[in-house]
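Worksheet for the structure shown next.
Which chain is which? They are A, B, C, D and E, in the order written, and residues in each are numbered from 1.
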Amino acid sequence: MIFATVPFPSFTLESLPQLPKLLVEWLLMLVGAPDWLVSIGGTAAMAGTVVGVFLSAFALLSLVERKTLARIQNRLGPNRAGWFGILQPVADGIKMLTKEDIVPTKAEWLLHLAAPILIVVPSILALGVMPLGREWVPVNMELGLLFFFSVGALTELSVFMAGWASGSKFPMLGAMRAISQMVSYELPLIISALGVIMVTGSLRLSDIVVHQGDFYFGFIPKWNLFTPWGFAAGLIFYIASIAEANRCPFDLPEGESEIVAGHMTEYSGFKYALFFMGEYLGLFAIAGLGVTLFLGGWQAPLPFLGWVPTWIWFFAKLAVIIMSYLWIRGTFPRVRIDQLMRFAWLCLIPMALLTIPAAALWVFTGKGIVSWVVTVPLLLIPWVILTILFNKRLAPATRTYTFADS
Amino acid sequence: MNPLALLLTLSSLLFSLGLLAVLTRRNAILILVGIELMLNAANINFIAFWRYGPPDPELTGPMFVLFSIAIAAAEAAVGLAIILMVFRHTRSTDLNRLDSLHG
Amino acid sequence: MSAEKTIDRLPAVPKPGRWIMPGLGLIQGLVISGKNAIQSYYKKDRMTTIQYPEQRAVISPNFRNFPFLCYDDDAATGLRCTACSICENECPPQCIYIVLDRDENGKSLKRPKVFDIDISVCMNCGICAEVCPFDSIYMDGEYEMSTDDRFGGLMLGLDRLAKSAEYHMKLRPEEASAVMAKRKAEEEKKAAAAAAKAAKAKADLEAKAKAAAEAKAAEEAQAATEEKGESA
Amino acid sequence: MIIPLLILTPLVLLAALGAVWKARPVHAALLLALSLALVAVLYLTIGADFIGLVQFMVYVGAVAILIVFSLLITRPGDEAEEIQRRPRSMVTGLICTLPVLAVLLIALVKGNPESAPAVDAPPLSIAHLGELLFTTHAPAVLAVGVLLTAVMIGAALFARDTEKPKSNQPEK
Amino acid sequence: MISDSSMPYSAPTLEPGEDDDQLLRVSLGPQHPSTHGVFRMNVVLDGETVVSLKSVFGYLHRNHEKLAENMTYLSSMPYTDRLDYICPLTNNWALAHAVEKLAGIEVPERAEFIRVITAELTRLINHTAFMGFILGDMGAWGSALMYAFREREKILDLFEDLTGARMMSNFMRYGGCRNDLPAGWADRCSIVVNDYGPFLDELEKFLVGNEILLARTQDVGQLPQKTLINGGITGPMLRAAGVNYDIRKVEPYGIYDRFDFRIPLGAKGDCYDRIMIRFLEMRESLKILRQALDQLPAGDYIHPKAKIRNFKPPVGEAYARIEGPKGELGFHLISDGTVNPFRYRIRPPSFINLTLLEDMCLGLDLADVVIILGSVDIVLGEVDR
């Protein structure tokens, strides 16, 4: 019997996401395919799983975002398509697909077409190196972190292509804003990740996660966030990641009250949907990186929760981060472009640079009480300066209002 | 064909193309494009010799490329800053129009 | 929190000279929006919207939408409208069109032959109802009037405009009963006036007859005297 | 090993040729980005992973973006002038370039790399690279650090808006 | 542009059709998400800095003034609802005030109280909606707008019960109001007024301390007092700059002199002050409302001799103004003794406040233009009439 020759590999809840890969490999071996085909098939199934998971997460997020924003605004949100509006993403998709694809007369059709495709690619590539679970690392690359930032560079170019190829003014303004914003915020993003690399001593993302596996006093997880430099770097990373993902309050490139929809103004139908998808996948990627670097990736938050499959923890943390993005979007107004740049160059980058010596001191002084005493004041310096500036210049208390007599 | 020879040919062609761009273009920014091409041609040489040349525990090739990339980035930043400065004064990036020192 | 206490100060603004940490305002905003999001699950008065086809807003009885014409007993004969055209003249966007009904001799029948209101033009101001001296035109409260027929569906003729007094009573009991009382009083007054008029007419008639008889008698007497004179 | 190189090399050259030939500046800049990205892929295929990723990050992520952004700001006029001038400039360009190319190719043939023994270097280990960077090359790293800092400050000073239109807002 | 020695900067401009290497000509509107209707600004940008801004009006012109000269006085009343459709009742009052001045009609006391109550409720509506709109202009994705509209709905419910319509009230008549307060209305109004204070607390906490809002609105769009006065600016915009000018105090109309309230004044007159002044004004409005609801007398809601049909004011001329939520709202009427006015002219605060838009925007960012336009608080129905 042929089944007896190739036993189906065993799997647990932990390796559940590997199931498609194992299944494909098993089937290929069953029909007697050569080794290289089995390996390619397994890899393809693995990639398909990751893409499938994140595309469904994208569909879900497009609904959850609308629902959450609606609740913040005391509305109900989409609730007509299916049970609690669960089919709304399908309805949106059908609407997008059936829309006319408009290419402006002045547009360069090739670049206009390439931009939305190019914006999806880097996000998916970046998701590929993410350690999603203990046994679920699609591509366990030695230079994972560097790879992540490298492919991220493609996003800027595709945004530029979209803005320039549309042959219109609002997209051009949007592209200029987007590029200057992304370039400025990539720096604090990378610099704040440097401390983690220094402490871990590896660019491999799964190493970084494993390094955060222990617990202080048996219950506080040893995540990078719970160290002074890690907290500062995590905060900077969080702010910069909002800007990288073009989310409110840094959503200037598509600031609809000023420049209509930025670089996406001249897109419709499926191409617009691709932009939308690229943006959300990029959001997953950047939030996932934040989880990996500072929130311990797939590590359980408490020691006795170790029995839960690790990929659940990763997605739970991802969900928390993304919900916080939505919450912020429902609350904050948008900043102005010069404030945005000034914030990046005069505030975030110096603060991020400070986290590097702080991380070095942290390792040098042995990660104990002394380290706290040394690093906390160092990290508080910019905060004190910021507080003084804020209270002198901006605070509401700087204004006085009088009442006319009579 | 030997990979080393292939890469060296690529490098010399790339260098020539860069030189051609520097010589034919009149837009200052596009001259920078040519310079970047030439720098990359040189980098390819380093990597090719590291990879297919005699073994080098000192990693001189990649090390040189690393520094070269860092300096190229710096050069691009300063070059473009200067071009923007010039542009602000003359409203043009065409080098043929920057002839105020011309006798 | 008592509203009296908070009226004169802005709670978000600290007193001059008090230092605050940057970022507190952002956190305060997040707390408020989060409170709104959570309370929207259990506090009814937080919600901004209602789910329209299933739920409906409570509409005030005073709500006015488009006009209707009131009739008393029968739609064909009981219309209060006398086609006086006051509303037609006062209507700001001039969406009312009235043709007076006349009999074959060209005499006014004091009722409209055509009474059209183009509700695509009407701006629901209620001035027609206000100026009508015959208590005939009122503002309706119906609002689900969408149609796909731009011209026919939005041009209300007499058939769709005429609504009974009972409908009015149901729609706005207070106003309708006041109107009914007024109309009843008027009718009674009118009846009394008519009765008085009839009595007066009768008296007149009698007086006329009497006078005629007297005249006749006088004529006869005169004729008799003339005859007498001739004979004499 | 040679097959991916044989595919990549003409692609790099074609993209570079486009960058040189295309009259519209934005196209030239984008093709440059493509060419440099392909060079990065080439590095990745021959085992210099770290260099390839750095190349991608710096050239595509920074240099190409800078060039493209400068083009957006300066918005160079239409390419008609460029095309009209092209034959003449191309002649002079080729006159200067071809000898250089000839010299390079002659040197290549004379050097006869075909005869070189085909030894494969061990894969590039970043740990080793890092160690070397901070021991043997520490002065160079410091120098580059100083250079980059100077460049950052210098570029910021150069690009600072010196003649921003004065607003009519009252001074603070 | 008002010429003023304090403004040395003259904008380089582009002629229509001309294009420059550096300057970017952008047409904001008439179909643009944040022009508050169909308003258009021809903006010339240097990078993102505004070097010239020309307003283009008239996309919503409905010929109200000329139409009103060809219809009866009563018939033009519902059209005033459509001027500034956020606050119809003050528009009604302004026209009624002008006609009453023209014809010398007395208004009963109860009617005056009803007018004050409705006008101050309207001010609340307008300023609350303003908070939502300006946050929308800043890109706050509608949260503040929804909170504002939720409370605005409560006042609109009151209006629906009182006037029969939520927005197009058509309520004032020459010599009073169209109808009396429905039973229990004043009590419901008191509840709304009492609940408004806590809501304002929440909204202020939501907005005023927000660092992003502070950074966006402070030192944006301020002009010297002199320029504002020369430009004829009125309303919260003028008071935010510290000019004590409120028609309720300067030239008290109705029964405003009987109430105890204060005029809040700002110092700088930037967008932040404009927001704060409106908050403070809302608090003062609540104060007036509370007094008016306490003192509401019984009596006629319209003068018994007021004529609805065939109303003919004597030959004459009158200009009457009130302090609308957006500024001085005036009506100028000339009567020739017929049923139609001979001349009918409006002084709309939105329109006149908008005339200084370019002066406020020059040298600032494109994003600031949107906020400044929002802080002027225009309604295109009133601008274009």
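Methods note: a residue touches a chain if its C-beta (ideal position, glycine included) is under 8 Å from a C-beta of that chain, and two chains touch if they have at least 3 such contacts.
Keep in mind that this is a model prediction, so the values were computed, not measured.
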item: Chain pair with more C-beta contacts, A-E versus A-D; value: A-E
item: Remotest chain, subunit B as reference, centres from CA atoms; value: C
item: Gap in Å, rounded to a whole number, between the CA centres of subunit E and subunit A; value: 44
item: Whole-Å separation of chain centres (CA-atom averages), subunit C against subunit E; value: 32
item: Centre distance in Å when subunit B and subunit E are each reduced to the mean of their C-alpha atoms; value: 62
item: Distance between the centres, which are taken as Cα means, of subunit C and subunit A, whole angstrom; value: 63
item: Where subunit D touches two or more other chains, by residue; value: 50, 54, 62, 73-74
item: Of all residues in subunit E, the ones touching two or more other chains; value: 21-22, 143, 146-147, 150, 206, 208-214, 276, 280
item: Overlap residues in subunit C, where contacts from two or more other chains coincide; value: 12-13, 20, 22, 25-26, 29, 32-33, 36, 46-48
item: Complex contact set, residues of subunit E against subunit C; value: 71-72, 74-79, 81-82, 143, 146-147, 149-150, 153, 157, 160-165, 168, 170, 178, 182, 193-198, 200-202, 204-214, 276, 279-280, 283, 286-287, 308-309
item: Touching residues (chain side subunit A, partner subunit D) in the complex; value: 111, 142-143, 146-147, 149-154, 156-157, 160-161, 164, 172, 175-176, 179-180, 183, 186, 203
item: In the complex with subunit A, residue positions of subunit C that touch it; value: 12-22, 25-26, 29-30, 32-34, 36-37, 40-41, 46-49, 51
item: Contact footprint of subunit A on subunit E as seen in their complex; value: 24-26, 32-34, 45, 48, 135-143, 145-147, 150, 206, 208-216, 218, 242, 244, 246, 249, 262-268, 272-273, 276-277, 280, 365-370
item: Residues of subunit A touching subunit C in the complex; value: 68, 71-76, 79, 327-328, 330-332, 386-387, 390-391, 394-400
